[in-house]
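For reference, chains read A, B, C, D and E in written order, and residue numbers begin at 1 within each chain.
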Amino acid sequence: MSPIIEVRGLSVVFDGFRALDGVDLTVERGELRFLIGPNGAGKTTLIDVVTGLTRPASGEVLLAGRSLTGLREHQIVRLGVGRTFQTSVVFEELTVLENLDLAAAFRRPLLSLARRRRGVSETVAEALETTGLAGLADRPAGVLSHGQRQWLEIGMLLAQRPEVLLLDEPVAGMSRAERERTGELLTSVARDRTVIVVEHDMEFLRRYASQVTVLHEGRVLAEGSVEEVRGDPRVQEVYIGRRKDDAVSAGS
Amino acid sequence: MNAVTNLARLRGPGIFAVVAALALVVAPLALEPFRLGLLAKYLCFAIVALGIGLAWGQGGMLTLGQGVFFGLGGYAMGMHLKLVEASSLPSSGSSSGGGPALPDFMVWSGVEELPALWAPFADPVFALAMVVAGPVLIATVLGLLVFRQRVRGAYFAILTQALAAAFVILLVGQQGLTGGTNGLTNFFELFGRDLADDSTQRGLYIVVALVLGVLYLGARQLVNSRFGRLLVAVRDGEDRVRFLGYDPAVVKTIVFAISAGMAGLAGALFVPVVGIISPALLGVVPSLELVVAVAVGGRFALAGAVLGAVVMGYAKTSFSEQFADGWLYLQGALFILVMTLAPKGLVGLAASAREALAARRRPAVPASRTVKEIA
Amino acid sequence: MLSVQGLESGYGRARVLFGISLSVEPGELVCVMGRNGVGKTTLLDTVMGVLPATAGMVAFAGEDVTRLPSHRRVALGMAYVPQGHATFPQLSVLGNLLVTLEACRGPREALEEALETFPRLKPLLKRSAGFLSGGQQQQLAIARALVTRPRLLILDEPTEGIQPSIVIEIEEAIERLHASGMAVLLVEQYLELALRLADRFLILDAGHVVHSGTAADLRQEETRRLLAV
Amino acid sequence: MEAFVNQLPIGISIGAVLLLIALGLTFTFGQMGVINMAHGEFIMAGAYTAYLLQDLTGRMAVIVALPVAFAVAGLMGLILERTAIRHFYGRPLDTLLLTWGVSLVLQQLARDLFGAPNVQVQAPAWLQGGIGTLPYNRLFIFVLALLTVAGVWAYLNRTGQGRRMQAVMQNRGLAAVSGIDTGRVDQRTFFIGSGLAGVAGVALTLIGPVGPTLGTYYIVDAFLVVVAGGLGSLLGAVVAAAGLGLLNSYAEFWSDASLAKVIVFAVIVAFLQVRPQGLFVLRSRALS
Amino acid sequence: GGEAPANESGAAAGGDDTIKVGILHSLSGTMAISEVTVRDAELLAIEEINKAGGVLGKQLVPVVEDGASDWPTFAEKATKLIRQDKVATTFGGWTSASRKAMLPVFERSKALLWYPVQYEGLESSPYIFYTGATTNQQIIPGLDYLKEQGKKKLFLVGSDYVFPRTANKIIKAYAAANGMEILGEEYTPLGHTEYGTLTNKVVQAKPDAVFNTLNGDSNVAFFKQLKSAGVTAEEMPVLSVSVAEEEVTGIGVDNIAGHPVAWNYYQTTDTPANKKFVEAFKARYGAAKVTSDPMEAGYNAVYLWAEAVKKAGTVEVEAVRKAAGGIALERPEGLVTIDGENQHMYKTARIGIIQPDGLIKEVWNSGEPIKPDPYLKGYPWASGLAAG
């Protein structure tokens, strides 16, 4: 069986600047893959290409063996690829519940959408529960704080029930307790689906990651287990860094 | 608590029932034919406004070219009436007679043979179908072209405005085909009934009111459905909607086409009610005036759109009867005031007034008592 | 330096802050903590005049600034890095810095200094800010604030979305600024970072200050519990 | 071939007129996101300024009026901004309707002040005549448009004020906490944008009618230029104006004026298929 | 505006001592410029008649409505005047479109409309009296004049609507019959102001004269741009049929002086009635005001109707119609007689040249009033025009 996501020789060029430069990446079904790398390494760009937001200059992305080249964003979503954004975007005038409901409803035929929503579907109820937003279900999403929006985005992604989930820095701006909740959530989701997470929080990485891919200047710099990657001097050099006093490493 | 919400839930249908009764029973009895005709005209505009409310208020597509669709519907109907008239009457005075009957304006425009475009409109079924199908088709094509390319917001508004301008120029330029600036007028009968007859006019009014009512209910259903939520989502974050697996272009096109269909229907009703359809009704200014009416009524509520059209229509008639010179000032000033002081329009104003009242009353009455009082 | 008394504010009729008082002495670094949605951002926004205060007072350097517009507060020496990588997307990186510099009529050296703090911005000077990666934007946002050479620096989760090595650099930069006598008001979710930097901290919950104290207090179990809830 | 050559200067001069009337929109629409339908009436105000100045300056009115009209129209824009538009930032579509109301009032005001019939502004004697199919007065407009473009470009890209203007447009909140007095910047932007409309109005007295409805003749075209050129892009506006001017003139030459308008519209729709955001787009990665 | 405080029903038909008459012109919108002046002239006539004792001993009370430059509004307001105000007759309209919109209303209610503007002919409604010129009283005399001047090659320029298109058809037929050549025929949308290309076409064609049926503001742009292209009235006169004294100031005398126009009346027309009219008009509305052909035709309409009512002894429509035929009055433009058959007027055609002072000096006239012939039945070369 082919891997669920296969990226082959992917390059992205912006006005002469190579944001991605021949990236190869293979993610198997049921994996919880972490994608790390310095700011500007091209992590978000990689997600953008997979989800159809950015067109690559060369290379291609395969979803379960099928090329995604040339598909539009919503078509890719319909094939089972969902994502969150680094800066969360939610529909501010709709309530939290409606945001989730819309995310869950895209597989319904268009005509059935013309009916009024009755009650709360199981998927949506579950998403409300998982994200801890149940108390805010009927508030418009516009009143949410930064962190609450982050959760809503995760909730919408879950409600979509995609095969592959791509999360761009989901725990940025979350408190420690919430990071833990997110980590556990992602681990459980990854049991029957595939999750790719971009994150800078090394503590989070250490606790929940198994496989890590490191991007640097548009290329894959290293790949392996958390320990391997953290031990890699190149990764330390460009990414993790060292304190002057050398006493504690970041995030631990 | 339950009683309060129940009452609130009842209020919508309650108001609707009262308004419907007023429009369908009281108005035809109480108003003299001339005034009833005016009301029918306002209701025609209200149908267009309803479409604008849907497309703009709910969907964020500010369409400044609704006159085009109104015109397509109106001309489809006008062409039919003209052909009926031409074939029923022995062409009067001017024409030499003989050959297939030509509408009067073609005779004086030097057209000798009925244009192919016109011929099928002699059939009432075809004409009625075109009233809706024409606008819907054009809106769909234009919508798909434009929305798929992610033209939106101000761009879309300006584009539709240019469309209205171009459409009028085209209509005016094809005098032999369309009657030019004069448009189509001088109709005598509608489906065998004399248009000058008061009872025909009253019947027409009832039809207009019924159509408006049905469309209003349909539009409300749409807005309250999931599709309505989706529409709001598209309005506020088209790009994000794509990542929820929907194609915003399709959603927008559907709504744009619905609003176009409504405008077309309104145009078709307008023709027998007012007795004329001409390019002056379809251009940039009349299209904008309707949008303004929707804004005045309150674009975020469908009822606001309808209310706005009727109020502005009435205001225009009565102000221009009282002080013609000042009408522009009044219209402009009214509009500036509404936009700055009540951006949600009359309906929004009423809502916030109700809220303010409730807020003032609330502290005085303990919560537990409120429930009892109402129950 | 900064003194906030009985501050209340919110959005429309929804009140978010209920009588917050705090002070930042000259040269002091105060850290505000609390779970998502307790009102940290609202507090900073109100201090900066982005949101109007519905009650209470904000004073800066002995002057009552409660009713001053934001830009006047900046002129007095307050600088603000809002949450979530805010930049002027269609200006270049340099343009972002310049526009701030010109608005507060600062010397050119201030710009050089800010770039020294974030050397990674140097090769990006000509690129539109909107095309930067999230982390790059955040660095630019902080640099932008530094250009004004503030007396009080207000930061809302500055390390959000930043790679570890640069988090260290930012931390060191804040430390340096702090050491050089700049007062700092910081919202931060990373306990460790807060621990290392803060002279004092306060914990918000539901729009109230529920706890405040010195850095040493922050190590106590009880405060940790407050944050974890 | 001869026709082709003869039409060229006409097309370019139509382009210059379009550019001149659209330039102000680069500020109000491009920078502030305000769709100012009263722009046409500011143009009208500029034209009437020239008309009134005639009593003082005689045939030199057209020259003297340029700065005066800039100030007059600018001031009108300033008042509009202060009293109404500032409540509308970030809601471009609402500004469209608001300013349309304003434009109605201004038209009626002009009618009451100057009467409904057109008035006449006499052109300086040295603008009579021309070279080939290019009359001097069109040449004058062409040069004026070029100078104005250069000025606008320099202002936007070479001055701190221009940069602050862009900053406010792109992120109002951030601009305020960056120390920018956003209110002042708004006022200035509106002053300049409206002032440029006044300048255009003076130029138009050379070739068109001067009456209360003057603005309505140009407003749709002006916005089309901005749309085709790309929002807020000066280069886009220049290229689009030239393109539309040439298209207009050749389409009219080979068909007629009515059809030309329809052709122009069709071409723009077709063009937006290829370049949906106009010729030159200011992009960013953020989702709108 | 003035709805009189008369009671609702049947005031017009007599019963009390006033008669309501409707006045329906555009007081707002693009046409207001022109139509307001006609309204003023009509109101002046009503005042004068009232001062002289009214009609049938009753005072006339005008009910003024605004057509708002919008054709359906004309139909709507006409309905209101007839059904609600029950006016005895209505004076109104300017554009052909407004007349066409009102026509069915008047015909069906069997009410009277007096229409005061020159128009394209091919119409003769039993419920409309046409006090302006029809084509054989303006366009054909204009062509006769050009022919006399030896102009053989014409270029036709018009706004894109009914009147210019019909006029140009007649001109082409005339040209074919009279050995004239039409070098070009161009239409521009109403309100068009960019005449660079059109001017270029005209200049390239090198006609002897231009026949201009442009409307409103377009004339301003056209004449300005023609002038700056170096065209002079001597080498290429532009004969206009829609430019009257009112428009000359807006176009700029500089730009149009020396060009000919065709009408039935000018402010300078030398008749005793005109001296009185101009004086009264200036006294009433200001010395700076000018009078023009449509104003005079509107002014006449009121007098002609009053005369017919006197003759009929009632305001009843059919009686008035019957009485109207043959009525002849000395008006500012000279003798005007109502043709009872088609309800048009016998009018004298006059060609004038625009003077540097903005007034128009007559240089040619038809000598005697021309019998109105809206369908050009009396012109063999025009046969087939009306029938299509």
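Following the convention adopted for this analysis, contacts are C-beta pairs under 8 Å (C-beta built on N, C-alpha and C of every residue); 3 or more make two chains touch, one makes a residue touch a chain.
In UniProt terms the chains read A, C = ABC transporter ATP-binding protein; B = Urea ABC transporter permease subunit UrtC; D = Branched-chain amino acid ABC transporter permease.
What you see is a predicted model; the values in this text were computed from it and never measured.
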Number of hops, chain B to chain E, where each hop joins two touching chains: 1
Label of the chain whose CA centroid is most distant from the centroid of chain C: E
Mean-CA-position distance for chain E and chain A (Å): 75
For chain A paired with chain B, centre-to-centre distance based on mean C-alpha positions, whole Å: 45
Per-residue overlap in chain C, given as positions that touch at least 2 other chains: 131
Multi-chain contact sites of chain E, meaning residues that touch two or more partners: 160, 187, 189
In chain D, residues with contacts to at least two other chains: 256, 258, 261, 286-287
Chain B contact footprint on chain D (complex, rising order): 29, 33, 35, 84, 87-88, 91-94, 96-98, 100-105, 107-108, 220, 223-224, 226-227, 231, 256, 258-259, 261-262, 264-266, 268-269, 272-273, 276-278, 287-288
Contact footprint of chain B on chain E as seen in their complex: 1, 3, 27-28, 64-66, 68-73, 75-76, 79-80, 83-84, 95-97, 100-101, 103-105, 108, 120, 122-124, 160-162, 165-166, 169, 187, 189-190, 375, 385-388
Chain A partner contacts - residues on chain C that touch it in the complex: 11, 14, 34-38, 41, 83-85, 120, 127, 131-136, 138-139, 157, 160-169, 172, 189-192, 227-229
Interface residues, chain B side, partner chain E - complex: 32-34, 37-38, 41, 93-96, 102, 106-112, 169, 172-173, 175, 180-183, 185-187, 196, 274-276, 278, 280-281, 317, 320-325, 327-328
Complex contact set, residues of chain C against chain D: 48-50, 69-71, 74-75, 79-80, 82, 86-91, 95-96, 98-100, 102-104, 128, 130-131, 144, 148
